[in-house]
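Below are structures written as structure tokens.
In what follows, chain A forms one complex with chain B and a second complex with chain C.
Let's turn to the complex of A and B:
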């Protein structure tokens, strides 16, 4: 749904936002965290090809860590940060300085403290992205704290994850720290009005650049 | 109503404070009074940074600014931040763990930040203990797995020579027979017994006897093809399972085994000559069952012993039964 110019602009924007979030996280955990969003897409979940590896998280069975943050008023929607649970565990361990500990694949044994850490990480990240979208669109937003949950996704209910959201902005994320590469996905479900205002603003900006 | 809200605020089991855009404390509840020993009267109207020095750090100033100016809510975990509001002097602040929620509040045109502090000390202690317990269990589990592996090896191997024992041999023979039945191939079971081993033990002692058995195991293992199996049944009795192309291949192997024992053993300065007697039964010619093949090989070996030892013999159904 996004043309190449829009895609490039959006990728650049979100990378500036997550860069700020990464700096904040680095300061909190006292380690350098690099955060990358290599690709941004605006898609309808029903159009996603299950064979496309970038969307594995939607289509593979297993435990999933999901944090969601509702935001509202003029720019409305819900942002989700999702990791396969073992990736979430690695990220929590990185933040807690317990990197050397063995992670048993697909073992969803996240402790209360791990969940709190992940809640904070997703809070910082989602606030940064949503907040900067608000700045970009020059509108006021209201946020709540993120809800976190561990869910088990089976083959039959993968698509129910986002069933009510028609179009979603998908940000493929990657945390880089100390030889680890934790990959997850940020999905921002936007109302049709919000999508229109985002596209309109981007087009205006691109037009101004070329005009 | 105002009195009720005020009572509830003071009885809430968490720290609740509200600061304005200048970071002046507007609300300071009973929980915070009890923790810090600073009364509401002392704190309200003061700057938060003076009351709680931890908020001077950039991280927390940013969080407060984002709430007061951009309406952002923020959660800070005790696992990463430890504590925000420190207790009365004299109490050990290092053990204290707190979560913090910061939320924007609005009244008329003014914006405030609501700061909620939850005590997580007990939860952190529980998680710490649980993590230690998990580590201990993992260590125990690894130890059990290692000892299981050792026990399994010991239950299937002879402790002196390290060769498979009778149990392991029976298992391999049964497996080889079922494979051979499917692929229509041939096997030989060879019973090998040292001639005059008792005399070696009596003359040189058991230590030398054990060395002889070790050397015997070595020579047998080195002579047979790598796909075949040699096992120790006990004492000076060994047994070999050979895969054959033709029945007469068994004789070729038997001759090679005899040749392997034609040179003396040099053990602890002693030169010991030891020959072997070999009894052979063939699959499928002499039987289909492991016990039957073993019994027939034993018979054939017994016949060699009876007829002067140092040789091999193939089971003959008519005369050996």
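Let's turn to the complex of A and C:
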């Protein structure tokens, strides 16, 4: 549903925005962030094959820390940042360590202080990405306070993020904190109207670029 | 020198308090977790300097800023926010702020913030 040029431009935009967000995370934890190339796909729910590994990368079975940021109104959607719980704990410990807080080694449970840190880190990262979409479209996005939750994903609810939309533009990427096994996944789902606005803006840019 | 920190994240509250106390130990600091608490503390505490987040539960930072500016044009206010939108920055700049720093608070931005507080202090 996206032509090659649209997909290329959108991938490039997401690449730049996630790169900026990763730079911010790198500054928070004082570690290098290894980025993967983002994948951009416009899909309908009916196209999602539960057995398709492309979608399973962020629905693998297990406990996840999930933060979500809802935005609107002219450009509506929801952005998600997810970490396996044990890796979220490592990230929280790194941040709290910078503050000189006492860390209990080998304690895998997420405490309130950990959740507060993870919420703030997610807020910075997701704002960095979604805010740039607002800048690109030259509109003001309104945010709802980010939600955080711990979820258990099983193989039977792989469509958990996509269940309320008919069409979604899924932009997903992952990153790795150097010297750790912390891997985060970012997914942005946009409503159909928002996808149209974004494509119109991109088409105008592509047209201007190619005369 | 009195500084009011308005911030919903406990992590960032602690970070800011530590930063300010480490560099300007004579500062008296009060902390609020949202705009409403921030506005009430502004009235009671009468700070010289406010650092505030924007997106917070209840009354947000922008609304608090608007309410403060209805009665006080002198208090220096710095925004520390994750919102990187130009439109947001333009809106709050029109309300009269001394600076806008995007989160995260890096060493460079922390130095800028301390410099701003010191400047406000010595300007008194």
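In this text, the second predicted complex is superposed on the first by the 154 of 211 C-alpha atoms of A that agree within 3 Å, B and C clash if a C-alpha of one lies under 4 Å from a C-alpha of the other, contacts with A are read in each partner's own complex, and residues count from 1 in each chain.
The rule is short, and it goes like this: a residue touches a chain if its C-beta (ideal position, glycine included) is under 8 Å from a C-beta of that chain, and two chains touch if they have at least 3 such contacts.
Values in this document were obtained by computation on a predicted structure and should not be read as measured data.
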Contacts of A:28 with chain B and chain C, given as first, second, both or neither: both
First (chain B), second (chain C), both or neither touched by A:95: both
Contacts of A:184 with chain B and chain C, given as first, second, both or neither: neither
Chain B versus chain C as contact partner of A:113, first or second or both or neither: both
Which superposed partner A:132 touches (first chain B, second chain C, both, neither): second
Partner chain(s) touched by A:84 [first = chain B, second = chain C, both, neither]: neither
Touching partner for A:140 - first (chain B), second (chain C), both, neither: both
Contact residues of chain A, present in both the chain B and the chain C interface: 24, 27-28, 95-96, 113, 116-117, 119-120, 123-124, 127, 131, 134, 140-141, 143, 145
Chain A to chain C touching residues, read off their complex: 24, 27-28, 95-96, 99-101, 113, 116-117, 119-120, 123-124, 127-128, 131-132, 134-135, 139-141, 143, 145
Touch list for chain C against partner chain A, complex: 9-12, 14-15, 18, 55-57, 82-88, 91, 103-104, 106
Chain A partner contacts - residues on chain B that touch it in the complex: 58-59, 62, 66, 70-81, 99, 101, 103, 120, 123-124, 126-127, 130-131, 134
Chain B partner contacts - residues on chain A that touch it in the complex: 24, 27-29, 95-96, 109, 111-114, 116-117, 119-120, 123-124, 127, 131, 134, 140-146
